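The two complexes that follow have chain A in common; it is paired with chain B in the first and with chain C in the second.
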Partner chain A sequence: MANIVGLVGNQNAGKTTLFNALTGMNATVGNWPGVTIERKEGYIKGGKDLMLVDTPGVYSLSPYTSEEKVTRSFCLEAHPDLIINIIDATALERSLYLTTQLAELSTDVVVALNMADIMEKNGISIDENKLSEELGLTVIRISAKTGEGINTLIDTIRKKTYLKNPHLKIYAKDVQKEIDHIEGDLNSELEEARNPKFASVKVFERDPFYKALSNSSTEDEVKAIEKEYGMDAEQIIADERYDFVTGVKAACSYERPMPESVTDKLDKIFLNKYAAIPLFIIIMGLVYFLSVSFIGSICSDFINAIFNGSETISILYNDIPFVCKGLGPILGDWILSLGGDVWAADMIENGIVAGVSSVCTFIPQLIVLFLCLSLLEGSGYMNRIAFFIDQIFKKFGLSGKSIIPFIVGTGCSVPGIMGARTVEDPDEREMTIRLTPFIPCSAKLPIIALLSSIVFPKAGWLVSLSVYVLAIVIIIISAIIMKKLFYKRESTSFISELPSYKLPDAKNVYREVKDKTVSFIERAGTVIFLCSVAVWILTRFSWSFEYVGPTDLYDLGTANISSSMLASIGKGLAYLFIPAWGGYYSWELTVSTIQGLIAKEQVVSSMSVISGLDVNQMVSASSSPFYFLSSNPLVAYSFICFNLFSAPCFGALAAMRKELGSAKKLFSTIGFELLWAYGISSIIGLISWGMNGWAVIGL
Partner chain B sequence: MNWVDFWVVVIVVILVGLVIFFHYIFPHLRKGPSTKAKRLVKDYFKAKKKEEK
Partner chain C sequence: MSTLDNNKKRQNLKPGEEGHLSDLKKGQRCIVLDFHNDNAALRRHLLDMGITKGVVIEVKKEAPLGDPVDIKLRGYELAMRREDMRGIDIKVLE
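Let's look at the complex of A and B:
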């Protein structure tokens, strides 16, 4: 039977890094507060007898946000066998406040003094033996990042050689006397009294959670102390704790005067009130330039060649038939050579391989995007942007804390939506959940990359950047609308620490990029594979299940896809999209768009299966039903906008349903997003339609 | 439909079945916590969630 060990500490103290170091697991780590929004569990190395539970960061056991409630509930009610209190050595004073509360619990506590490496660089020296003496707790100096002290910590926990039952002298005599009095009167049968020391302090503070333990005689005495101190009981306790912590810090630590740090110098540039936003736009532009237009697109051509062949690459590598011809054509030809029918070869080549490969082609671009974002996060830059944007967001009714879910949402909307739990105010939290899907997630990148590089070959990255900026503008306008109509309470302030700039940890960056890429590939191999098979059946057969696909594998003009099942479904819906598609009646584009509800990657995959062409040709080949996009950049842009701003995929919708807590709220959000998507794409489409003379093409 | 077409269809159907089973069904069939500690934590948060609702 395993014992439970809790990992508790302030936000951004390095809990998840320590969790990974102690368990050997790969939980997501970030250089910003609030990465952990749900508790995580894993076994401490060396056996399965100690289960470590990672908890969201808290500054005290008086919770304000929902994830802080998780930590408080864990400490007070789950009764762990031991708590590892991780404290940031570079912010000792702030960290020790929580320690004073944990020391009052009935659970044993071991203090892990983290960031020992950074502490020395910052000119801070801490005498951990003296600190241990002052706190009455075992203190172990560690660096979760470099692994220093981790084995000592594991040994101490396993051998149970830590100090127990600390007796801290935090409070003044009269306050302590009253607390002791309350403790003596506690009804030990009540659940709340299972941590008597902590509970008596809470009764003194009049914490509503401990109301059942208070009585009238206590109340009179507390009132008398309040009168004497001239402040309320909660303030008295907080003041006493801070005085104690200040004393401990003065006795144990010494800070050498240091010259202006690199962080201070960089902050003067990145947090300059005039330069911060332009710099952010330039940095994001560079990220999209590298991922969409430069490195990513070069690598994508090779991936596409592997699946579908490439004439350019076959000239360079004419001795590698696999790369010259591509997996799809090789399999298609092989089936035909064995005597198989065209439909069987078409299913493999133009259905499965084309569908799955159209998504896989964008993997290199995604890897570069994930890498850039991960480096920015790990360096501490994103946290500063959150801090800066808070000033702008606040004017429009959003909390700066919303920026964290938005940044996370650039990878995938699901963790972004869940990350909204870090926003304290319920109104702001709901607004954040509703607005996060507007941020272009990685699944939408194939749509952006496909059309921006084909329709705007020389400025593909600029298109990507423009939709990102457009997304932020939509979020701000939506926030104003929501605030005026539904959420009328005042906005709260964003209080967050700014971590030092640091070189991103290579291991963490690797883990993050790997996890996100693997998850993308997993979707391509599962959801997209299934959808490709389904779309192939729907486009190659009529309602009477007659084959209407190509009769010649190399001439897709022999197909009669317009009488397929999918065509008959799309033909009705396509009327609705005529304004958005700039006067073009295109059922092919319409059904591809609607499939984005299953997964946004499926939009490109569906276009590939319907056209029977790979990503390089599906828009540029004159035989493709999407050819009109190449000569109508505005329609292409309208198509990008609709797919980006319409309702997200099923996964994100499920997360929204869970976090919003009601189906009604979910459907109103979907309606709101569809209105935005249809409105914007129709405005762009109508401009294009007007320029082309208002004739409906393709009916 | 000749035997080549038949085998192509069989392979695709098997692949579809495997994806559906391992991606959608199998994760739900796997049993949860095996140790008392895991169960304790899980039960606790389940009860807490209910209470909060």
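Let's look at the complex of A and C:
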């Protein structure tokens, strides 16, 4: 079996970059603290003997956020064979504070002194041999980014040539004596006593986790020491650790005074009293414009044409002749020419290809959106957003850090929900998790894009923008309601590092965008493929399993979809949606909405499968059940709202279940979201219904 | 918790005077004298971040809306809310 090597360090110390350098594997890298959201594992290069485990960044082994608990339990309970402690040369004291704790574990520790590449630039010089001497640990100077020292590090680990059993003299005599005393008394049968040195210090500090190891005489002795020092035990230990670290730093490093750093100069602009928020709005607007509007207008029509055929396509809002038969029609004709049945050709052309293509159309937009998000994170700007938005979010009972899950949520709710782990306060964290799905994720873009082109063909962007604004309003109101009703605890806090601005590393950005895009395409290829087939079956067959689909592939009007299974399911539920759809009794809209629960991308592809029309035809063809929407823009808007704000897709639900920790909390969140969605869409629908003189259509 | 509004009731501290970290203006430096906080977890976390007796802290940046504040200590920068700084007793330097 492979030896387990843990990678432990402060947030933002470069753990994930080092992980990639050591394993050659892909793992997400970001510049905002806490980007490692799941434990990542991989073999260290050059064999399968060493399994490297990446852990969330911590400042100490007394966990503060739920993410940090992962690291603590890894160090204490997972029996790693070795810990690589990555330390940030530009924040030596804070890094070494954690090192003093790791050195007390029964596991061997190797120190990787990172950021060798920017040390000089920051006017810092560190003598790593002296540092090693002071700590009694092997110290290897590396740069995770440039690869300097990585091979030396791997060799040292593999050949086990590192120093073992360090004896740090951290504490004053009387404190040390008491700690030794506690260590002698430890009940070694207890699980908690596994790392005796560390456990003894924890007993001294009265860490609640180690309560079972303490006794009344220890308590008395600790009290006496506290009285002598005029501080409580926790403070004494922290003080002495930092005193030790300050001494180590003085002995082995030298800092030149430096002129104002680039980061400080940039912050004068990005954190400027007047410019900060306008700049933020411009940057986010640019991200949206680039990824949604601009790229969409270049690529979407073209990709759609490749799949479904066309005569002209629109590029940058200009119609360009582009005659193309399209993959779907080609396959359909091919099946017919082989003597296949109409239903088989229909399944391929109008089931699978139509379904999958409606999603693929949006892939270029996703790539650009993921790229922008990756740049925002990697550059360090995301931290600034959290920093200056905190004052506003605080008022609604949220942390400034909640903005990061929200922004990431514009790409996909799943990483957004998981990213909420960096929010320290449990209440704020739960609220953030519950609210993130209200942000329209990229999978909802097809719905917005398609329908906004119906509502205002000339100013679709205005509708898109209004939906995002509405999402923000809903989040704010929800947060206030939640805070008033369920999360009444007052005291919360915001503590965050402001890392230096960095030029995002091209390799990391590339990896991140690639990973996210591939996983999206995988979903489109599997879930959406299967769903498309399922929807096709449900729309083409009746309950007695008679084929009711088109008998002529070129005339979908020959189909009798209203007697299909899906129609009868939708017909039942459609009554509920009469107010939301503005008095329109429509099983088609209802069924598409239900599809959205499986995956939001499904809403549009379901509409296109049901109507047997491609995305563009659906808007204009009067045979389409969605024709109603084009003459009743408010209902189209209501349809957008319901689909956007109702329960998220199954993937996001699973992530929420995991992060909230209970099914009950998940269901209350879904209920809350459905209530919002139904409420808002009903209000909009009722207005339209009233304008139509309360006529019920389609019943 | 008290509902003291830091933006309004902030004291103006001169070098040599004692007060709370939350009173400090941008550019001022101070030394930490003592540190107490009702929220045990938060206190623990701030100790871990290096806010211990005798450490020198400089207020470097303010968020555009006045809060939170970015402080520099032990060679790195940390952003926190003024209300979380209230339990930190300091003496202004220079």
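The working rule: the second predicted complex is superposed on the first by the 615 of 699 C-alpha atoms of A that agree within 3 Å, B and C clash if a C-alpha of one lies under 4 Å from a C-alpha of the other, contacts with A are read in each partner's own complex, and residues count from 1 in each chain.
In the analysis below, contacts are C-beta pairs under 8 Å (C-beta built on N, C-alpha and C of every residue); 3 or more make two chains touch, one makes a residue touch a chain.
All values reported here derive from a predicted model rather than from experimental measurement.
Residue contacts after overlaying the shared chain place A:E219 against neither chain B nor chain C.
In the superposed model, more residues of chain A are touched by C than by the other of chain B and chain C. When both complexes are overlaid on chain A, the residue A:D155 reaches neither chain B nor chain C.
When both complexes are overlaid on chain A, the residue A:I348 reaches chain B alone and has no touch with chain C. When the two complexes are overlaid on their common chain A, residue A:E546 makes contact with neither chain B nor chain C. In the superposition on chain A, contact is made by A:E234 with chain C only, not with chain B. Contact with neither chain B nor chain C is seen for A:E120 once the two complexes are overlaid on the shared chain. Contact with neither chain B nor chain C is seen for A:D174 once the two complexes are overlaid on the shared chain. In the three-chain superposition model, chain A touches chain B and chain C at no common residue. On the chain A side of its complex with chain B, the touching residues are 1-4, 39, 41, 48, 51, 53, 70, 73, 77-78, 335, 338-341, 343-344, 347-348, 352, 525-527, 529-530, 533. Partner chain A is touched in their complex by these residues of chain C: 1, 35, 38-39, 41-50, 52-53, 55, 60-68, 70, 74-81, 83-84. Those residues of chain B that touch chain A in the complex are listed here as 1-2, 4-5, 8-9, 12, 15-16, 19-20, 23, 35-38, 40-41, 44-45, 48. Within the complex formed with chain C, the chain A residues making contact are 59-60, 62, 64, 90-94, 97, 231, 234-235, 238-239, 242, 255, 264, 267, 271-274, 276-277, 387-388, 390-392, 394, 400, 424, 490-491, 493-498.
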